[in-house]
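Pasting a structure below so you can have a look.
As written, the chain order gives the labels A, B and C, with residue 1 at the start of each chain.
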Amino acid sequence: MDALSLAVSVAMDAVLVTLVLAMAALGLALIYGLIGVINLGHGAMLTIGAYVTWATTHAGIPFAAAVILAALAVALIGLAFEHFVVRHFYDQPFETLLITWGFFMITTEVIKIIFGTTMHPVTSPVTTPLDLGIAVLPAYRVLVAGISLTLIFLVAAVFYRTGLGVQIRAVIQNREVAGLMGVNIGRMYKLVFVVGCGLAGLAGGLLAPILSVGPYMGNIYLVRSFFVVIMGGVGQILGGTIVGSFLIGGSETIFALFSSQVFAQTIVFGLAIVVLRFRPHGILNRR
Amino acid sequence: MTGAGGQPRRASLVLLKRLAGSESGIAIPVFVFLAALPLFGSGYTVFILPQYMLYGVLALSLGLFWGFAGILSFGQSAFFALGAYTIGLSMKLGWGGGIVDSGYLGLILAVTFAAALAAVVGFFLFSVGIRDTYFVIITIELSIIAQQVAITQSQITGGGNGMFIDRMALNLGPIGSYSLEGDLAIYYFVLPFPVIIYFALRWLVGSKFGKVLIGIRENEDRLLSLGLNTSLYKTAAFALSGALAGLAGALYATHASFIAPSLGGVLFSTEVVVWVAIGGRTSLLGALLGGILVAWISTYLSAITPEYWQLVLGVLFVVVIVYFKGGVAGAVSRAIRARRALALNDG
Amino acid sequence: MPCRAQSGHDVHWRSTMADILRIEGLTKTFRGLVANQDIAFALAPGTMRCIIGPNGAGKTTFISMISGHQRSDSGTIRFKGQDITRRSVVQRAQMGIARKFQTPSVFENLSVFQNVELAVLGTRRPAAARGARIREVLDLVRMGELADEEVNSLSHGQKQWLEIGLLIGNDAELLLLDEPTAGMTAEETHATGGLIRRLTRDLKLSAIIIEHDIHFVRDLQAPVTVLHLGRVLVEGAFAEIERNEEVRNVYLGEE
C-alpha cells in the first residue's frame, strides 16, 4: 500500500473508531455529563443491550427492531433502577458510584446465570464491504458511525434548541431557581437518566456484531466512556463527546500502528491521566 | 468510679470493662485465636489461611485510606500485583547476587516500588487537587494499566500464563536459614504481619497524622484554611497504603507460589472495596476482618455456587452501601453503644 | 483615621509602616463583571475594621483575595510586610491569616474538642503543649463544657463561635470574619461583639469583619470601610459614615 492509501486508511479507521466510541459514550455523556451520576454500571447497560439484541435476533426478529428493543429494555431497567434506588442518592456521588457498581455486579451475574458465560457472536446485518476506491471500509461500522453521528446531533439539537432542552439546562445550572420557576426537577433527572440508559442499550445492540456478546463486553467501554466525557468536558454534549472520543479512541488507533493494541491503549490511558491533571475540566470547558 | 455500696471498683476491673468494649477487646482474642488455630484447625485451613490474612492486610491498606482519609481507591490491586511480581522477579533472577537474600530483597523492593508508585501518582494528582470521583476513575485506570502491563510484558512477567515463585526462606544470617516450605512455618511467618500492622495503624490513627487524615475526610477545605498542606498528607497516606498493599502482594506471592495478571486488575480491586465496605470502612478491625472473612467465605461459597454467590455478594454490597455505611463493624459498634446507653440508664 | 473618598485616583495614605495588612490597586473581574476595582486598604495591627456595603459590592470577593481563595487580577497584598499576592491559601494560613466563612465551616461529625485540636495541629506547638492550648481556646469561646459534644448538635450561633475558636486555636494574627453574627440572636450578637473586642484588645489580634447588621457595627465602635460596586466608597469612624450622604444614598437606593 502506498503512503496515501495508508494515510487515508488510517484516517478512516480513526474516524470510525471515534464515532463508534462516541456512540458508546453518548449515554454516559448524558448521565454523567449532565446530571453528574457516576454510573459505573454504564458498561453493564451496554452489555444488557447487546444480550437483548442477540436474544431477539436469535428468535428471528430483524436486526433493526432488535436494537430498538434493546434500547427500550435498558431504558426500562434504567427507569426502575432510577426510581427505586438512584434518585435517593443524587447528591452523594460516592454512594452513587458504589451503587452503580453494585448494579454492574448484580446484572452481570444475572446474565451469567441466564445466558451462561460463553461468548455469542451476532451476525451483522450488513456484510458487504464498502469500496470507496482509495480504501475499503467495513460497511457495518460505517453504518454505526453514521447512526452515532446522527444521534449525537439529535441529542444536541434537543438539548440546545428545544424547550425541553432549556428546562434541562436550567436544572443543571441552578436547580433551586429552576424549581422555583416551575420545572419538575425530579422528572427532568429521570428523563435524562432513562434516555441515557436507552442510548447505552442502543449502543450495546449496535456494538453486538462488532464485539462478541459476552458478560463483560460492555466494560471495555466503561472507563473509556468516562474519559471521553471528562476529557471532552462535562456537559459538552456535541463537541465534547466527539473531541473526547477522538482523543481516547482515534489516538489509540494511531498509536496502535506503532505497537500492539494493548500497549497503545495503555499509552492513551496514561496520557489521559496526565491531561486530566492539567485540564480537569476537560478540553472544551473553560474553568 | 464507685459501685453501689460506695466502694471504689478495682482498677483492673475498670480496665477490663473498657477493654471489652473497645476495639482491642475484640482484636486481641481474634489474634490469639489465629495464633492458636494450627493446634486444632484442619491441614487445609492452616495452609490457606495465610493468604486470607494477607488479603486482610490488603483490606487494611484500603481501610486506612478510604476510612480515614475518606478517599476511595480502586487501585489497590495494582500495588498488590506490583509487590507480587517484584518479589517474583527478585527470586527468579536472583537479585541480591548472593550477598543479600533475594527473598528479603524482593520483599523490601516490593514495598519500596509500591510506595514509590503510589507516592508519585498520589502527588501528581493531589497536588492539583484532583479529588473524589476523578480519583476513583483514575485508580480504576491504574488497575487496568497494571493488568495490561503484566499481560503484555510477558518476557518479564510470564504474561497471561503467570509466574511461578519459590517459597522464600527465612534467612537469619549467622543463626541459619529456616525453610518456609512447611505450612506451619509459613503460617507463623505471615501471622505477625497483620497483627503488627494492625496495631501500628491503630497508633497512627491516634497520632497527629491520623487526626489530620480524619480532618481531610471531614472537611478538607477547612484544613487548608488552617494552614495544613493536605495534599502532602494525602500523598503520604496513599504511599503508605500502596506500601502495605505491595507488602501483602509480595508475601502472597511467595506463599501461593503462583501469580497471574488478574491479581492486578479492576475486578480484584473491586473485591477489596467490597471486603472493606462490608467489613466496615471506618474501623481498622472491620477492614481487616472484612478482608479475611469475606474473602474466605467468598472463595468457599464461590466453589459451590459461583453465580449465585456473586449475585448475593452484589446485593449484599448494595444493601451495605445504602443502609449500613459503616459495614458490619459500624453496625456492631452502634449496637454496643446502644446497649451501653441502656445500661447507663438502668444504672 | 483619615477619611478619604476613593474614585480611582491615586490617594496617599497616612498609614504606618507597621501595618499588618496593606493592599494596593486590588482588582478582580469575573467574566466581564468587575467585582473589585483598584482597592487600597490598610490595617494597623491589633485593630478592627468593619466592611459594609450593599449586596454585590464585592465584600466577600475582597476577603477571598486576602485569604487566597481567589487570585487577584492585579494589585498587591502585603501581610506583615511581605508580599503575599501570589501565595496559596495554605501558605497564607501558615503566616497567620485565618478566615471564618459565611456558612460555618467546621468539622460537623467531630467533637468540639477535636475541632479545636485540628486547628492547633495546624500550628507549630509541640505535642505536649497542645492539650492545654485547646482548653485555653475553649475557655475563650466559652465552650469548655461542650468539649465532648458533637458539633452537628450545636446551635448555629455556637458553631459560629466554634469557628472563631478554630481561628484563635490556629494562632491567627489576622481574622477575616464574614458575617459572624448571621443567624444569631440579639444576645449572641452582643456577646460576639464582646468576644471580638477582647480578641483585638487583649490578644492583640487584628480583624476584618464583613457585616450587614448595622447595630452590631455600631456596637463594635470600629472604623468602617464602605464598599460599593467594587470600589471603596468611603472610610472612617462609624459615626461619620452613618451621617455620610453618599452612603445613605447607596443604602437607600438599595431599598
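Just so we're on the same page, a contact is a pair of C-beta atoms (placed from the backbone, for glycine too) under 8 Å apart; a residue touches a chain by one contact, two chains touch by 3 or more.
All of these numbers come straight from a predicted model, not from anything done at the bench.
The most distant chain from chain A is C, comparing centres defined as mean Cα coordinates. Legend note: the chain whose CA centroid lies nearest the centroid of all displayed protein CA atoms is B.
Mean C-alpha position of chain A lies 35 Å from that of chain B. Chain B and chain C have CA centres that are 44 Å apart.
Chain A and chain C have centres, each the mean of its CA atoms, that are 49 Å apart. Shared interface positions of chain B, defined as residues touching 2 or more other chains, are absent. Contacts from chain A toward chain B in the complex involve residues 38, 85, 93-95, 97-99, 101-103, 105-106, 108-110, 112-113, 223, 226-227, 230, 260, 262-263, 265-266, 269-270, 272-273, 276-278, 280.
Interface residues of chain B facing chain C in the complex, by the touch rule stated above, are 208, 211-212, 214-215, 218-219, 221-230. By the touch criterion given at the top, residues 72, 124-125, 128-130, 132-134, 136-138, 140-141, 144-145, 148-149, 151-152, 270, 273, 277, 307-308, 310-311, 313-315, 317-318, 321-322 of chain B touch chain A in their complex.
Against chain B, the residues of chain C that register as touching in their complex are 67, 89-90, 93-94, 98-99, 105-110, 114, 117-119, 121-123, 127, 166, 170.
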